[in-house]
Amino acid sequence: MTIMSYLGAIGAAQREAMDADSRVIIMGEDVEANVYGTMGGKSRSDKGDFLQLFGPNRIRNTPISEEVMVGAAAGAAMTGLRPIVDLSYSTFLYMAMDQFINQVAKSRYMFGGQSSMPVVFRSAMFYGLSTAAHHSDRPYPMFMNMPGLKIMVPASPTDAKGLLRSAIDMDDPVMSFEACMLWGMKEDVDEGEFRIPFGVARIVKEGTDVTLVAISSAVSQAVLAAKTLEAEGISVEIIDPRTLVPFDSDAVLNSVARTGRLVIADPANKTCGAAAEISAIVAEQAFDCLKAPIMRVTTPDTHIPFSPALEKQLYPNALNIADAVRKVVQTKPRGQ
Amino acid sequence: MTIPNDFLLEMQRRMLRIRYFDERASKMVKRGEIPGTVHTSIGQEAQVVGAAMALGEGDYMTGNHRSHGHPIGKGAALGPLMAELVGKAWGVCGGKGGSMHLADFKVGSLGESGIVGSSIPIATGAALSSKVLGNGKVSLAFFGDGAANQGCLYEAMNISSVWKLPIIFLCENNQYALSTPAHTVTAGVLANRAAGFDMPGVRVEDGQSVLTVYDAVKTAVDRARAGQGPSFVEVVTYRFNEHSEGLRLAVDYRDAEQKAAWLQRDPVKLFRAHMLEQSIADEATLAGLEAEVMAEVDASVAFANESPFPELTDAFKDIYTEPLGATQ
Amino acid sequence: MTIMSYLGAIGAAQREAMDADSRVIIMGEDVEANVYGTMGGKSRSDKGDFLQLFGPNRIRNTPISEEVMVGAAAGAAMTGLRPIVDLSYSTFLYMAMDQFINQVAKSRYMFGGQSSMPVVFRSAMFYGLSTAAHHSDRPYPMFMNMPGLKIMVPASPTDAKGLLRSAIDMDDPVMSFEACMLWGMKEDVDEGEFRIPFGVARIVKEGTDVTLVAISSAVSQAVLAAKTLEAEGISVEIIDPRTLVPFDSDAVLNSVARTGRLVIADPANKTCGAAAEISAIVAEQAFDCLKAPIMRVTTPDTHIPFSPALEKQLYPNALNIADAVRKVVQTKPRGQ
Amino acid sequence: MTIPNDFLLEMQRRMLRIRYFDERASKMVKRGEIPGTVHTSIGQEAQVVGAAMALGEGDYMTGNHRSHGHPIGKGAALGPLMAELVGKAWGVCGGKGGSMHLADFKVGSLGESGIVGSSIPIATGAALSSKVLGNGKVSLAFFGDGAANQGCLYEAMNISSVWKLPIIFLCENNQYALSTPAHTVTAGVLANRAAGFDMPGVRVEDGQSVLTVYDAVKTAVDRARAGQGPSFVEVVTYRFNEHSEGLRLAVDYRDAEQKAAWLQRDPVKLFRAHMLEQSIADEATLAGLEAEVMAEVDASVAFANESPFPELTDAFKDIYTEPLGATQ
């Protein structure tokens, strides 16, 4: 065990995988200079510079050409490589949307299983940092709407390392949405090889009154909210799905079966977001257990404004999460 | 370069396969035996086969919606292709792809694309893996004059040139994108765009001559295999049929005279005449070849008819390599 | 009143708007030849050829360059034109995703309201016609997840004409998703100018037992299902939202307040689809009225296979809609 | 062409505005007075002003993340720009855009873009409306050497050439895209790519001379206004600061000697010397100009400080032109 930051854990998982399998390569803009610090910690020397460790054949600076970058990674994955593509900011993914949807997600299916697509697309969600509407999107719900992609949203250094390693070993395309807000988060992480399976949620905290599903940066906020609520005598069970595709619906359904109440904290936009899907699954499959409305705490349907005066109110935080939980606890179950 | 006769005969065989296969597919669409529509390569056989046969067995290829010719040109078996067109389980894609999305990985066909331009980055990636793995394989992207105005082509040309990837950008300039004449939506000459990306750009004016096309593409393939990077080859040709079978437009967007002139230059007939002239093959051999291929196409239809339809549950397979687990 | 097809109504609305305002132009691939029949009926002569009526300055064939086509329409809309962009198939929209999201949807907001964006993006959803995965998507949920865009999904010739005319007159960007399956649908339509407001649902049929929200091609299927169900003594209220952004949640909430049951029929993919959002809205705001689980009838999370043998089972139809309604009616309300 | 002295002085004024504004912004970022970061145009003032002033008042312009210089060069008032950088209500975008998304429609600035390459189609559309409406306005797209590898540029160049749109593609080649040297990711010479799209392509080697840039761009603007269509102008220049203020990279990706040489060629100093030499202005005039501009920048900061922050509810305004109705 060693103290690792979220960012360091991402670097460690990539280094581990590149050591283990020479077919793994990294491509992206400015990866040689490790501008975003995702390849061996913030400094080049720290834990070894990937360019020096693995050479220019496997660490490739690309032109600013997201569309061909994504498509080329897919074509390479279909022909023997296992690329990791660093797309830096999640808001840049749209530039390659056709390749993600029409090639990466669909090829294996359209070709009747002739191809597999072992490729990982990493990007960071830079919300909450005054970068405004062109750098702050949290677009994973759009990709959830398209089958063929697997989606991870790690909320801790341990999950970041374990999920990313699983992703790189996987034969299906994975999109990793990393929350920039969490880059500095530190915890004890196993330095050795370990993998966290996709589709298995993490019960962050057990509780009896309300099930609180929290995604990405909302997890730590949910934990803070739960502390406040405990003091008020409200026992919250916090579930971090860790991957959205596959999604561990059983974990949520089982929890709701016990608590009868559900709040979902999701940093994505509200309409057709991940929270909407989780709400719909429960309303469909666990209706009889529900004692209260299902509440969503999300980013409202707005773009991200530059001014910190405007931005900070927008995301799920300990306060608005706690308020939502109080609401569902106060509602009397029907028939009482 | 001197090409052995059996190779020349194989060229004619593959052109005939495309011709007969597409003629049959056209009939079947009109009879409702093939769902949806098909885009034939009739009239473009020389451009397709000249390029595909300049590649080696193990080389890679991607294509577009005008899709049957590419895998056939690369040597794919006809039965599974025809079964795919009718949506049967024995289809090369199990009936999930259909006419616009044929792929036959056995012959290096990584997939046609119904999205114009979208398969160009895929071919680029195949070239990247050849480069990284050093396995000497070359990649070729077939696309049309219409696709040549999609931005991803230029991203692909730039990155291929910078990384010296073994790839050929093969532009099938049949002078129209659906109803749109290329010159009305295309600035300058496509082949001339290559220079700006620091790669050779060749324009083959006589795309109806399989040997001319072969020579131009072979030069590019040799260059790629030698590690000298990408090339752009534009082949001028003409599609004899409508954009897609069954399509009827109120306007006649193609000049009648120009059309008549091009119909005269049937690549299959031209090469047949050439082989007789050069006594590469005699009448009997060629007639035999034609009969053989016709029988092959008949057999492919029989194979397609024999095939069962896919199971309902097949619709939910091959989305991922493993069951999706928790979400299922 | 005159008999108009869905396709004819689309043509009529465009012709009407082009007559009314010279700033309205149409651009797209093969629009001059009217390949998709959306400009004056299937034949060029029928009701007048747009190219002849409005000339090459206002009817513009574009190269196959969706990204610049969409961005150029946006730039033109910001500087005095009111473009209609014909993108033919909805599955091609991804090619221009960056322009849709980062420019069309965000510009007005980022620039503090300095610009307005009067532009309409039309595309047809060709599902159910054996065109396979590269031509059959129903991607409106992805766009619902991004504020700044308005979204119409007409299900009848009348709505197609009235909504499209409103869209063209509107100062915000509108995406029109037209169901190819409905192109041939005919009904009596007012030949004169009329506009149908966005955000106002249509009560297709009143009923008392179940609220059935149906979208696009699912509307006519819902009507068929309702007939069968009436015979079984189940009274279904059918609501067609007509626009998804803005969405008439009041219409749905009021109906559910009376029926206590909700089924949503949506041709989009299931996960994070429109049905998920509608379910979440009701589970959040009308929970106390609900007597049964909220059921979704959608296209399952799969790509669209070519073979008709595989494809026909996938979409909401009279049978699977009726089954879902029966399920929610059979569920006994809690406490009984 | 002979340019009147007051126009030359205005050029220097705008270069000074950019220089002083960006120097101040840099300080303010480091002091935490500006949230996030900024990308300065320090060292590129000649390239920005030479291009922007070749445009007329009513002409259109789009830009990128290196964003302050463009509207300043086009004549925007500094106060609302500075207020925007600090996220205040009096900001030119009401505090919603910030450094990377400045826009000032009053001076034809249709918006900078944080997405590299993404504003090029917007400028193309502005040129399209000029063409359709026949209002004689010209459009110019500023973008970098890095953006020049985005496919949408080539889609834009093609359609502009085919439609003869009045647009200038202005490539600010400062030789690096963040940490990436242009020559390592770019095939050939950017200006040479124009020929393939049937438009003039000019490479201005001395991007530090405001007059040289002005002449090249003016020629393109005149051509566009005369209805002869688009041009591509590549200007070679150098950014004096790091990619963005506060960014610290472990590697020094820029050659020290080359850097030292470029720092010698300060466009503001060069043009100052030129004006003295040519006695276009005397020392007093120039000193006075510098003092004036410095005062302007001070005033812009005062204006920004004075401005209130936006209301919380402003976050939900300007998404649409009208309340969203049913969904609200």
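Quick notes
So that you can tell them apart, the chains are marked A, B, C and D in the order they are listed, and the count of residues begins at 1 in each.
Methods note: a contact is a pair of C-beta atoms (placed from the backbone, for glycine too) under 8 Å apart; a residue touches a chain by one contact, two chains touch by 3 or more.
Just so it is clear, the structure is predicted and the values come from calculations on it, not from any experiment.
Of all chains in the assembly, those touching chain A and also chain B are C, D. For chain C, the chain whose average C-alpha position is most distant is D.
Chain C has its Cα centroid 30 Å from the Cα centroid of chain A.
Averaged C-alpha coordinates put the centre of chain B at 45 Å from the centre of chain D.
If you average the Cα atoms of chain B and of chain C, the two centres end up 36 Å apart. In chain D, the residues that reach two or more other chains under the touch definition are 91, 93, 95-97, 101, 113, 115, 118, 149-152, 155, 158-159, 162, 184-186, 319, 327.
Contacts with at least two other chains are made by residues 62-63, 65, 67-68, 91, 95, 98, 102, 109-110, 132-134, 147-148, 245, 301-303, 305 of chain A. Residues 60, 62, 91-97, 101, 103-105, 110-111, 113, 115, 118-130, 132-133, 135, 137, 139, 151-152, 155-156, 158-159, 162-163, 317-322, 324-328 of chain D are the ones touching chain C in the complex. Looking at the complex, you find that chain B touches chain D at residues 149-155, 157-159, 161-162, 184-189, 192-199. Residue ranges of chain A in contact with chain D, taken from their complex: 29-30, 32-35, 42-45, 61-68, 91-92, 95, 129-135, 300-303, 305-311, 313-314. For chain D in complex with chain A, the touching residues are 35-36, 84, 87-88, 91, 93, 95-101, 113-118, 146-147, 149-151, 177-180, 184-186, 249-251, 253, 309-310, 312, 314-316, 319, 327. Per the touch definition, chain C reaches chain A in the complex via residues 91, 94-95, 97-98, 100-102, 105-106, 109-110, 132-134, 137, 139, 141-142, 144-148, 245, 268-269, 271-277, 279-280, 282-285, 287-288, 290, 292-296, 301-303, 305, 331, 334-335.
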